[in-house]
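Paired with chain B in one complex and with chain C in the other, chain A is shared by the two complexes that follow.
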Partner chain A sequence: MNLLAVSNLTKRYRRGGKTIAAVDDVSFHIDPGETLALAGPSGSGKSTIARLVLRLIEPDDGRIEFESDDFLALSGAALRARRARLQMVFQDPLAAFNPRATVARVLDDPLRIHGIASRAERPRRIAALLERVGLTANLAPRAIHEISGGQRQRVAIARAIVTKPSLIVLDEAVSALDVSVRGEILELLLDLQRQEKIAYLFISHDLGVIRSVAHRVILLDAGRIAENGDAQTVIGAPQSAIGKALVAAAPRLNRAGP
Partner chain B sequence: MTTLASIRDLTVTYRRDGNEVTALKGVSLDIAAGERLAIIGESGSGKSTLALAIAGLLPASAKVGGRIDWFLSSSGAKAPPSVLPDISPARGEITLSPLPSPITNVAEGERSAKLLISPLAGEMSGRTEGGVTECQPFKSELNKIPRLGRDIGFVFQDPSASLDPVMTIGKQIAEVARTHLSLTWSQSYARAKSLLERVRLPDLDSALRAFPHQLSGGQKQRVAIAAAIAAGPKLLIADEATSALDTIVQAEIVALIRRLVTEDGMTLLFISHDIALAAELAERIAVFRHGQLVELGMRAQIVGAPAQPYTRALLDAHIGLDTRPLLNRARLHA
Partner chain C sequence: MSPLRRFLRTPEAVAGALLLAMLIAMALSASLLFPGDPQAIAGPALLPPFQDWSLPLGTDRLGRDVLAELFHGARTSLAVGLAAAAAALVVGAVVGTLAGFAGGLVDEVLMRITDAFQTVPSFLLALAFVSVVGPSLGVVVIAIALGTWTGPARVARAEVLSIRERDYVAGARVIGMHPLAIAFREVLPNALPPVLAMSSVIVAAAILTEAALSFLGLGDPNRVTWGGMIAEGRAVLRTAPFLSIVPGIALVLTVLGVYLAGEGIVETTAVRRGLS
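So, the complex of A and B:
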């Protein structure tokens, strides 16, 4: 059974009197515990798909089934409850958090709002969450703007897993991180996936990273699916024009020598 | 090899929230005329501070020690290798100091002899304490000092922030040519048009009249590059100039920079966090960390046989199309 099934998804924008399909008749599915990557150049529709799946925007056409329900038909309390199962981590966690909040506050909010833990229990839960994402509990009183970019992205991941999601949308979640930190965050995501069977919709412009962590990949071009399949196979030998262009453009580190 | 700029014991300190933050610590580095030199490092490495210091763009509040000597001969980067800095017709020197007038020009002297024996490649910044060189300020001859726009072109990461949103593309480029080359407006516009052609913008006449918001991110960066080279600078500094662009556009802009630098005999300083990208473009790579120069060498040496553990760690952390996937490793552990 698919965790997420998207069919014929379409989103049009009007720009300068013309109608442009940012997402044009896109269908795909994600299984539990699977990573599906979306790649493509700027304007190919990958972030619009992420926003549609999260219902941050509504599609013009198409269907989204999430955990066997018609996700687009949900509203009110039912939508809020189901949204707890569908989380997100963006490129810049500083923009996603209240910058004046502390780490503890960022994690306390979902625990309180979703009624996951009582007031007395919450500090212990926050400490456990921080440890789960490789941070120490003494980070809790620190302000979000004080901690490093890598720590902040770990806090964003901790917040995303508070509600025990089955799917996390990762929109360029490691793109702004230093390379030394990027690998650690990817390892953390893979570890969480193995332990909790979380599926990822992994949006990235970086084919190297996608090839490293994704099971399958969809290559998008101008809102349409140009190519899809096993990530290592597609990136290893792209068939579509956009796939070939993306692979050719990826910087290569030819480490010859000893 | 002719030296374009010689950086000695450069130290830059910012004041932030009442604390002193040292962004660069005793950096010594020679930039060879006509070379493509990449400065790579992670956040906080000081790579952008170095670019700003070279361009003379540091904020007034920054505390600066050390010196940058310039060797701007009239033939510039195209000078034959036999032209040594001490006999080149013009030597400019910028003494970086908190003094109000930092631009100075010194007479020939023992300084140039010292520079000639300093090794170019593989040089490390060892001195972090003491070594700030004091220099007596002389009356400046401004035409021999590098001027941003005329002698140095600077391309920033975000072209939307560096282009004026309410001025046409043509005027922004023409203005640079007019300011630095003493051309008339019509000559400047003609030059702007040929520059837009060189950076391969389509539909030149409407591009000249376009405003930045009418262009894509990649096109805006092409315009920013055209403006940066409009006065024919000897040194082009690109500070994360492709980082905000998607992979395909990034590759196009890198190819464009390579072509322009080669055609004009410019020196390129390419600042990037991406070691693979830097290795594709640069002949030499300088690795920075925590405000210090960790390692400097030819591309093949840095990538193939790094001497420093940090350089090796950076290379190992790169996730490329030939790296063993984390997923496969995870499967083995599972």
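So, the complex of A and C:
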């Protein structure tokens, strides 16, 4: 049974009288505990797909089935309740939080909204969550802008796992981090996947990162699927023009390749 | 450097703060220094200032103590100015946030209402409202707020339009927060600084509007107001000009103080935001 099944997803934008399809007839699925990567050049529709899957924007056409339900049919309170199962981590860990927030408030919100823990219990839950993502509990009263980028992204991951989701969309979640921190965050994500059986929709332009974490990969070009298959196979020997261009643009991979 | 010290290094801000402090001291001490009714007759009519030291600023046409009236009038000016500005800022911020955040039809309706209020001159609006409902302190406050909430509403809406596209608003939606909670907990607090920057101008304008309404006889008749004092003195402008000049100077200093102190606060906070 697929966890997420997207079929014929289409999103068009009107720019100066012309209609541009940002996402054009895209279909894919994700199984429980699996990592599917979306790769492609800038403007290929990666982030638009992420926002469509999360219902942050509405598609013009297509179906999204999540946990066997028609996800597009949900609205209002039912949609908000279901959002607990489908979370997101953003690229810029500073922009992803209210500039006035503290670490504790960021994690308190989902606990309160989804009625996961009572008011008295929440501080303990927040401390446990911070420890789960490799931070210390004494970070809780700090303001978001007072902690480092790597710590912020860990808080973002903690916020995403508060509600025990089955799928997390990672929209360039490690792209803004420096290389050493990136490795630690990827390790944390893989560890969470092993223990909690969380599936990832992993959006990135970095084929090296994709090859090390993704099971399958979809290469996008101008809103359409150009290539689709096992991550090692596709990145090792791309068939499509865009796939070859992306691999050629990553010199490290080229040399490491067969 | 702390914001307070930066504030104190700006001479205009300090001058404004001193004037404002003086006004607040006058308002607070009015009933201590001048107990009893300031509108009661205290001495001979039209006594010029600096003649009798028990009535330092003299008396008006009916023999009322001008200094006592000035102190009690400070209360009205300050109360009306602050209350009207607060009401205008709260209404404006809420309307602007709802319009900007909801978008679509809600935005259209709210902004057309704002347009409608803005096309009528605010003083005319206040005048009409007080004439219809009748003069009392609360009515005057509402009347002034009625004409001034549109400015803050527009600024708040513009700010909200840029904030609602930020990632943290999307993040709040992803965790399932209710749209109203997002609007008022996540968006509004971050849209406030430019709205609050308008507060000094609004308070100053509200004080002037109140004085103008009182001058036209539409102030609360049971309270001493500076505008009312000027109107009183108008009849004897040639023989006793001090009756109009004294409250006039008080009004000028008050508006100047509010404006300078407000600008000083905006300036110091703006520098702080720019540095961080």
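Quick notes on this one:
Just so it is clear, the second predicted complex is superposed on the first by the 251 of 258 C-alpha atoms of A that agree within 3 Å, B and C clash if a C-alpha of one lies under 4 Å from a C-alpha of the other, contacts with A are read in each partner's own complex, and residues count from 1 in each chain.
What we mean here is this: contacts are C-beta pairs under 8 Å (C-beta built on N, C-alpha and C of every residue); 3 or more make two chains touch, one makes a residue touch a chain.
Fair warning: this is a prediction, and the values are worked out from it, not measured in the lab.
Superposition note: with chain A as the common reference, chain B and chain C can be accommodated side by side. Touch criterion met: A:Gly208 reaches chain B, while chain C stays clear of it.
Of the two partner chains placed by superposition, A:Pro238 touches none, neither chain B nor chain C. Between the C-alpha centres of chain B and chain C, as viewed from that of chain A, the superposed structures give an angle of 80°, to the nearest 10. Looking at the shared chain after the overlay, A:Pro59 reaches neither chain B nor chain C. In the superposition on chain A, A:His114 contacts chain C only, with no contact to chain B. Look at A:Leu246: by the touch rule set out above, it reaches chain B but stays clear of chain C. With both structures placed on the common chain, the touch criterion links A:Gly223 to neither chain B nor chain C. Of the two partners, chain B and chain C, it is B that touches more residues of chain A. Contact with chain B, but none with chain C, is seen for A:Val179 once the two complexes are overlaid on the shared chain. Between chain B and chain C the least C-alpha distance in the superposed model amounts to 7 Å. Only residues 51, 54, 56, 80-81, 83-84, 86-88, 90, 92, 95-101, 109-110, 113-114, 159, 162-163 of chain A touch chain C when the two sit together in their complex. Chain C makes touch with chain A in their complex at residues 166-168, 170-178, 186, 189-190.
Interface residues of chain B facing chain A in the complex, by the touch rule stated above, are 42-43, 216-217, 245-252, 273-277, 279-280, 300, 303-305, 313-315, 317-323, 325-327, 330, 334.
The residues of chain A lying in touch with chain B in their complex are 35, 41-42, 149, 178-180, 182-183, 186-187, 190-191, 194, 205-209, 211-215, 232, 235, 245-258.
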